[in-house]
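Order as written gives the chain letters A, B, C, D, E and F; numbering starts at 1 within each chain.
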Amino acid sequence: MSTVPAVQDDDKNIDPRVIAVFQDIRETRGSDFINNFWRYIAFDPALLERTWGEVKDVMATPSELDPMVKEMIYAAVSIANSCTYCIHSHTAAARAKGMTDAQYADFLRVVSLAAKTNHIVNGLQIPVDPEFDQDAGR
Amino acid sequence: MSTVPAVQDDDKNIDPRVIAVFQDIRETRGSDFINNFWRYIAFDPALLERTWGEVKDVMATPSELDPMVKEMIYAAVSIANSCTYCIHSHTAAARAKGMTDAQYADFLRVVSLAAKTNHIVNGLQIPVDPEFDQDAGR
Amino acid sequence: MSTVPAVQDDDKNIDPRVIAVFQDIRETRGSDFINNFWRYIAFDPALLERTWGEVKDVMATPSELDPMVKEMIYAAVSIANSCTYCIHSHTAAARAKGMTDAQYADFLRVVSLAAKTNHIVNGLQIPVDPEFDQDAGR
Amino acid sequence: MSTVPAVQDDDKNIDPRVIAVFQDIRETRGSDFINNFWRYIAFDPALLERTWGEVKDVMATPSELDPMVKEMIYAAVSIANSCTYCIHSHTAAARAKGMTDAQYADFLRVVSLAAKTNHIVNGLQIPVDPEFDQDAGR
Amino acid sequence: MSTVPAVQDDDKNIDPRVIAVFQDIRETRGSDFINNFWRYIAFDPALLERTWGEVKDVMATPSELDPMVKEMIYAAVSIANSCTYCIHSHTAAARAKGMTDAQYADFLRVVSLAAKTNHIVNGLQIPVDPEFDQDAGR
Amino acid sequence: MSTVPAVQDDDKNIDPRVIAVFQDIRETRGSDFINNFWRYIAFDPALLERTWGEVKDVMATPSELDPMVKEMIYAAVSIANSCTYCIHSHTAAARAKGMTDAQYADFLRVVSLAAKTNHIVNGLQIPVDPEFDQDAGR
């Protein structure tokens, strides 16, 4: 149950911009599958265009970090922000880019340890050591 | 300003367990510096012992993931959970383990894009595609 | 699946205070429909009374802000706090008070951009400009 | 204390792209003041360019929602995500676009009531009423 | 640095409702000290009145739970929501109501373990056991 | 739908360490029921062992705080972190350890009031009173 309906390829009044983005997603990924994220945000073609543009640029273009690592960072944020859909899609993407079960367990160990110490630190309100200052000495 | 005082090496009534953990931190890291996190949680020696044991095991022991990648995942969770101290300490740790400015910018691009789509997905309440089901077919 | 059962109008032992609040909700809204939020918190009549009193006062009484705008602000917080029920009920309320699809897309653009920059700012730990100080000069 | 240094206009090696964005910010806003957000993310010119492009498009371009309302929605998300800098900058922006003290108090009443019911709903795990389904009947 | 100025007892134009609430806070607590929370929300007398009324009713009135336990629950939520002021004020209140250092350490162990498993569960998206259903069989 | 399959007692290749932990859970709790949390994290025996060890130590061992209180603190954090599974399991555990409906309503009143004031405080960015400083005077 969602707040807007999904756009299907055979919708009578489908916007040409939606058709174009769906085609670019298919070509970029080499797959005919369009996952729900794109079908739902397509209720507003401009939102779809901008978001796909950014996801393609950040996640589907070679950059400074390994593609699997980027998916793990994406999943880590999604876990902390409690986004069920995003957790599923980016965990699946990390697996598709090579994440093994052992790496996934390691990932969960780091994520959950971070959450644990985040709460201890917030609870104690520990002051930042001046040694961590990146501005100092520059 | 914190909710407990920090433990200093020359505190008169310092607990022997705190001394032992501080020594292990110094040996493990090859540095005399003890950052505030350890000094503050040392108000309870059992909390210090357990937490150091886990951090040493998860973060300071070779595992399935690259040490720099683990620090980046740690920092990503800390950003989403708004933990100032943790963001500083683990960003500094990622740099110490090799993260360049360009990788850091790439990291921030992924973290912030994840937050952006997390909020779009939560807003639209998009249903998870059955294609992401890891249970299926096993 | 919830942690308490819902209260139905024909429950044998329904508390008179619950009956009174349900009646006031119906009269205030001019509708016979009582949504689940009220039926579930009715497990404790005092919690129901206080909460309805506040919601009626803040959301159903003319105030400084437009009713549709208040529903959008409510939905924005609910998205950031990952409250599925609240997202659905307040997005529906915003629509009922006039929000168009185009406004909804604009709303999502602002919400998701805010989340994006929240994470960049938290990541970089950017200091607040003194120019933003409201205390200054008063 | 931040994780990167701020870029100042008279930095010797300032990137031409940073100079261009700073100039566009000044022209768009009709003010010489560049707030810290832009100075810190300028450590990576590409991050600065993309972010300014999006903020300019979403926040500084006439759209479906009133500019003051957009700043209030932005601030609401920033409060829920605990982003101190963003709360200051967007509360100040809402004021600059006309928000009165009375409207601000009304805003806080809605934001805090939303947070309150978000936690009650999450605690009770209240199921979504089928009446809120936007897909139904389309 | 805050978004509104604090109200001081000797402000020339102090609202009579603010004076009345400050007096009730002093009488209820048996102390002359008015902490900042009340001084800042006093920028809007109606917000001050309603909030004090609720805090007095929930936190300063004997109820089903022990006063120290209520402060610990309050602090736990404040930690998870990253509210520095609230963490300080409610940790101090818990101490004032009897919380020892050993209980505080125990509290932090529970809070941080909860955060840890919250993130593991969100990561794995573990389905709720039907055995936890409180509706069943009623 | 989860990101890993659950481990069942009769799985052909079940790891001996998983069998051992499941047995210890049954003995510690005096019940044959193994809830999903353990069955899913068992995909990685080391993650299962460490997590059970910590949960047993913190939650199932007599300590400074009452067992019911610990479950309520656990549930409070889980609510703020939007962890559906954890809310269900720890609310059920609090009930099993004696929490009445009246105490549960009181708990929800505190949790939701905390969330409300957390958002007011974050919105106003109220400075911490020096009176709350635990370091002072030590």
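Simple rule for what comes next: a residue touches a chain if its C-beta (ideal position, glycine included) is under 8 Å from a C-beta of that chain, and two chains touch if they have at least 3 such contacts.
All values reported here derive from a predicted model rather than from experimental measurement.
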{"item": "Partner chains shared by chain C and chain E (touch criterion as defined above)", "value": "A, B, D, F"}
{"item": "Neighbouring chains shared between chain C and chain F, ordered by label", "value": "A, B, D, E"}
{"item": "Maximum centroid distance from chain B, chain identifier (CA atoms)", "value": "C"}
{"item": "Longest centre-to-centre distance from chain F, chain (CA-based)", "value": "D"}
{"item": "Between C-D and A-F, the pair joined by more C-beta contacts", "value": "C-D"}
{"item": "Pair in A-B, B-F or C-F that repeats C-E, with over half of contact pairs matching by residue number", "value": "B-F"}
{"item": "Centre-of-Cα separation between chain F and chain D, whole angstrom", "value": "34"}
{"item": "Length of the line joining the C-alpha centres of chain A and chain D, rounded to whole Å", "value": "20"}
{"item": "Where chain B and chain D are represented by their mean Cα positions, the distance between them in whole Å", "value": "27"}
{"item": "Junction residues of chain C, two or more chains touched", "value": "1-4, 47, 54, 77, 79-84, 87-88, 91-92, 102, 105, 107-109, 111, 113-120, 122-125, 128, 132, 134"}
{"item": "In the complex with chain F, residue positions of chain B that touch it", "value": "1-6, 50, 54, 128, 130, 132-135, 138"}
{"item": "Interfacial residue positions of chain C with respect to chain B in the complex", "value": "75, 79-80, 82, 84, 87-88, 91, 107-108, 111-120, 122-125"}
{"item": "Residues of chain F that touch chain E when the two form their complex", "value": "1-4, 33, 35-37, 40-41, 47, 51, 54-55, 58-59, 63-65, 69-70, 72-74, 76-86, 88-92, 95, 100, 102-103, 105-107, 109-111, 113-129, 131-132, 134"}
{"item": "Chain D-facing residues of chain E, complex", "value": "1, 3-4, 43-44, 46-47, 77, 81-83"}
{"item": "Residues of chain E touching chain B in the complex", "value": "82, 87-88, 91-92, 101-102, 104-105, 108-109, 119"}
